[in-house]
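Take a look at the structures below.
In the two complexes that follow, subunit A is the common piece, with subunit B as its partner first and subunit C second.
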Partner chain A sequence: MSALLAVRDLTVTFETTAGAVAAVDALSFDIGPGEFLGIVGESGSGKSVTALAAMGLVVAPGRIAQGSIRLGGEELVGLPERSMRRIRGRRMAMVFQEPMASLNPVMRIGDQIAEAIRWHEDVSARAAAARAVDLLGTVGIPAPAERARAYPQQMSGGMRQRAMIAMAIACSPALLIADEPTTALDVTVQAQIMDLLRSLRERFGMALLLITHDLGLVAEQADRVLVMYAGRMVEEAPTASLFARPLHPYSAGLLDSIPDIEIRRPVLPAIEGVVPSLSALPPGCRFGPRCRFAEPACTTADPPLRRFGVRATACRRDLDLARA
Partner chain B sequence: MSDAPLLVARGLTRHFTVRRHPFARASGVVRAVDNVDLTIAPGETLGLVGESGCGKSTVARLIVRLIAPTGGTLLFDGEDLLALSGQALRRRRADIQMVFQDPAGALDPRHTAEEIVTEPLEIHAIGTRTTRRERAEELFARVGLRPEHLRRYPHEFSGGQRQRLGIARALALKPRLIVCDEAVSALDVSVQAQVVNLFKQLQRELGLAYLFIAHDLSVVRHLSDRVAVMYLGEVVETASADALFASPHHPYTQSLLSAVPRHVPGGRPRIVLAGEVPNPLAPPPGCRFHTRCPLAFGRCRVEAPASVDLGGGHSAACHLVTKGAPAPSLRRTDHA
Partner chain C sequence: MAGYIAWRLVSAVPVILLVTLISFSIMSLVPGDPAAIIAGATATDAEIADLRVALGLDRPFLTRLVHWYGDLLSGDLGRSILLQRPVAEAIAERLPVTLALGAYALVLTLVFGVGLGVVAAVRQNTWVDQICMTVAVLGVSIPNLWLALLFVFLFAVTLGWFPTGGYVPFGEDAVGALVALTLPAISLALMQVGLLARMTRSAMLEVLRQDFVRTARAKGLPGWFVVLRHALGNALIPLVTVMGIILSLMISGTVVIESVFSLPGMGRLIVNAIQRRDYPVIQGGLMLIATALVLVNLVVDLLYAWLDPRVRYAD
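Right after this comes the complex of A and B.
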């Protein structure tokens, strides 16, 4: 399968007073056309920086220190901003957690969507405005012609996120990146937005990259999942396999530590300790100090990612784990 | 347990007046909390769930008396909390403490951890400097912080440690009830599990009662003995945690539970509600949920349903709920 998005050896560093830290460290992954990939991790895992890097939105003090990001074969790293602007919004688009921060507060919703269309396509203002109304209808906003004339603050959180999605899909991108798109929303509205993303993906054949801390969201819909920890990918697997039998102790611990709505346990098996600071990483495996399987050898070298068919994990014990 | 409840709220109500600008005439009334009944037994956890704007945080602030209700009664240990003032209120406040969502916002950045934890003791003139320090050390051990953390400032702690600090402060006055408002919502999953376990451990060791307010139903399920569900300022269903999650009766509870993503691939059929929570300034007439309820019929639009007692402490406010009958079914009404 030729990848739609191919990320190779991507390292994104941020300059801090304590020196440069790598928020994303030597990350490689692919997304196929129409595929739904989930990237899961806690704060500081590098999942959002990965999305920003793909969109060419890493700004100082951050920079892409090494690696390659190809979209449909075209290299994006090092591409001038002028060229990147033609790709962003047209061939891939992004939806953020807080729609209010991404929308212009003094411009009507319909005009903002029409502006995005006219940036990429040579159409009349009238045609763009009509398409904006159609798009608002497509994302399930009632009375779209009327709502197109509304300002963002006149809409609810769920409606704003729908408007953001309408803008993102305006030019039928091949890849839609959604960074915590439902985290700021109530659970019943979250279900609506996830249903919308699923139906849009089916209808337009878009690939979807969902960045989230919520394993539940990827469990229900993603084809494949990457688990990140402290800047590194620790596991990659088809969704069903990951949830059935996680290979990396961190993925296993994460799955275990989440309370389930239907099964009640006396004590949650929490992962002890805290996520390390990127400027003070432990020697060897980054998860070592919190890992219940850690051995002295785990502190000597950071284990590389190794592949077993469709799965991959970065644990020194991977062979035992794969057999266990 | 039910003989002598610790906290009883009856008809608890808080309306806020809305003005277009500070000198304008009142342009509306938000019924943030409307006629809410709640009971918490000693050592029990009552979970309070609902979406943003349902009034759950206002309930928290009413119970710790950060704001005054516009109606209803509030009894703690049989004593009328609303009649208290001055010294008596201050003494009573020691019994009811609160843990907030954002520990960074609830802790003074210029105070050391020790000052933060001993401040309630100073205010209540408890002990000497030395005994207060000993108490701080003891509290730190209880919440899983180390003695050397006492000299640190809030910014030197991780999110999970800051929340432990907030819990230590809440415990300082030996309260009997702790109101937790989204106390684990801002934490990463792996740390959230640690703090959830800490809450359970403290309850076992100290016999604390919790009012645990959260939007994450899985966490509420894990911690609560009983659960109350709020919608637009009203409690729509109350039951033991087991009964509520096994057999939710109110259509809103059913859809809320089904909207929670399961950590199991494939999932299960989901009831996706149409629309969003209506504007609390103009709540719908009749049943407040009828605009989103797939089962709404004529009566729901005109008459607010009374709470129906289903036995065993389970009650739901819906015209379609009858004691002894199965819960109204929302399946097959899924919106695509």
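Right after this comes the complex of A and C.
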């Protein structure tokens, strides 16, 4: 199967007062056509930066220092802005975390959707406006014709996020990236938005890259999960295998801290400690200082990512743990 | 929205009443006998007495006030002592010059102020930004008067591109009028350009780092469109308030500029009236300027509501 999105050795650095730090460090992964990939990790692990890099939206002081991002075989790193613009919003679209801040407060919702269509397709203003209304209906907004004339602040958070999704799917992209689309919403609305994303994916055959810090959100739906920690991939696995047996202590910790009672496992406290600052990474394994299973050897060498068939992990004790 | 407009219009009425009251009172507030001051040191007692009657100063304050408001309603601002003609007529003749100068300077201010600010913000921390902001700082810190004189010397006296002063009515020669007003308008605009450019830059920087700008880019819109439609559309809202200040500064700036370029506008009318103590003209002029300021603020508030749906739809 040839990948829809193929990311290889991606490194994104940010210039800071303490020198350049790598927010994403030598990351490689694939998303197949129509596939649902979840990227999970605590705050600051580099999830958003990965998504922005794919969209070509990394701005100064950040830059893609090395690596390759291919969409349908076409290299995006180094692509001129003019060509990148034709890909954004048309073949690959993104939904952001804060639906209020992510919509223009002085523009009508319908206009914000229609303009995405008009810049990519040769349609009249009237046709684009009509399609915007249809899209609002598609994402489950009642009275879409009326809502299209509303301003963002006249809508609830859930409605705004639906509008954001309508905007993102306006040109039927092959890949939809959703960066923590439900974090700012309350629990019932979260479930509705996740249902919407699933049904849209089925209906339009889009691939979905869902970024979240909540493993519970990807548990039932994602095909595969990629776990990130401090800019690195620490584990990649089909969702079922990851939930059955995580190979990395960090993934295990994330699994334990899922609050969802439906997944019946004893809820342990969240992983102790915090993600290290990128400018002050610990020696050896980046997760070492927080790891229950760390041994002295873990602090000497950075564990490489090792692949086992469809799975991969970056822990030197993986096999011991798998047996434990 | 309609309710808001109505409320703002109604609330401007007491302010305008107060303004007219103050304009009227200045003659009674000057220390000593206004008639004697106006008539001058060489006047005889009889002349002063006549003047007092002509100005209506022999009647009680309240009677005069009622008359003043009555006349005001019928558009009568009294007679100029100096010009020997109705004040309203003198103002009607001078006002178009000032309005033309102000409109010209306002257009220049908006185009260059907003333009420089947007370019500087988009190219933040580059040499382009530095140049734009240097121009802005110079514009703010160089006194209008000095700059106006410099322009007259350079472009009018030395290069001969523009007249050194004077005015051609638009009705007679529109191009000539524009040429005659160019140097005055530039001089008047420059200080405001600097102010507006700096305000635009900071407002744009504030907006450009917001999430919805990233959303606009994620839709695949071209960079210039994101800047003008999405970023500037939001940055204009705080700038409207600045425009109120800028217009007020410009109204006072016209007085200086009209004198330097010998333009027969309102500013010069009032300056001359003050020098010669022509109270009826001073009163009429002050009232007009103050009313203009009130109206500017009214328009700014309405513009604010028009630009920002969060104000428009807040009930």
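Quick notes
In this section, the second predicted complex is superposed on the first by the 309 of 324 C-alpha atoms of A that agree within 3 Å, B and C clash if a C-alpha of one lies under 4 Å from a C-alpha of the other, contacts with A are read in each partner's own complex, and residues count from 1 in each chain.
By our rule, a residue touches a chain if its C-beta (ideal position, glycine included) is under 8 Å from a C-beta of that chain, and two chains touch if they have at least 3 such contacts.
Worth saying up front: this structure is predicted, and the values here are computed from it rather than measured.
Contacts of A:Gln66 after superposition: neither subunit B nor subunit C is touched. Judged by the touch definition given at the top, the superposed model places A:Arg88 against subunit C, while subunit B stays out of reach.
In the superposition on chain A, contact of A:Leu103 is made with subunit C only, not with subunit B.
Once the two complexes are laid over each other on the shared chain, residue contacts for A:Ser43 go to subunit B alone; subunit C is not touched. Once the two complexes are overlaid on the shared chain, A:Thr300 sits clear of subunit B and of subunit C alike.
In the superposition on chain A, no subunit A position is in contact with subunit B in one complex as well as with subunit C in the other.
Note for the complex: subunit A touches subunit B at residues 42-43, 156, 158-159, 186-192, 194-195, 199, 213-217, 219-220, 239-240, 243-244, 253-255, 257-262, 264-272, 274-275, 290.
Of all the residues in subunit A, the ones that touch subunit C in their complex are 55, 57, 81, 85-90, 93-94, 96, 98, 101-107, 115-116, 119-120, 151, 153-154, 164, 167. Within the complex formed with subunit A, the residues of subunit B that make contact are 51-52, 158, 160-161, 188-194, 196-197, 200, 215, 217-219, 221-222, 241-242, 245, 255-267, 270, 272-273, 276-277, 336. Residues 210-212, 214-223, 225, 229-230, 233-234, 237, 307-310, 313 of subunit C touch subunit A in their complex.
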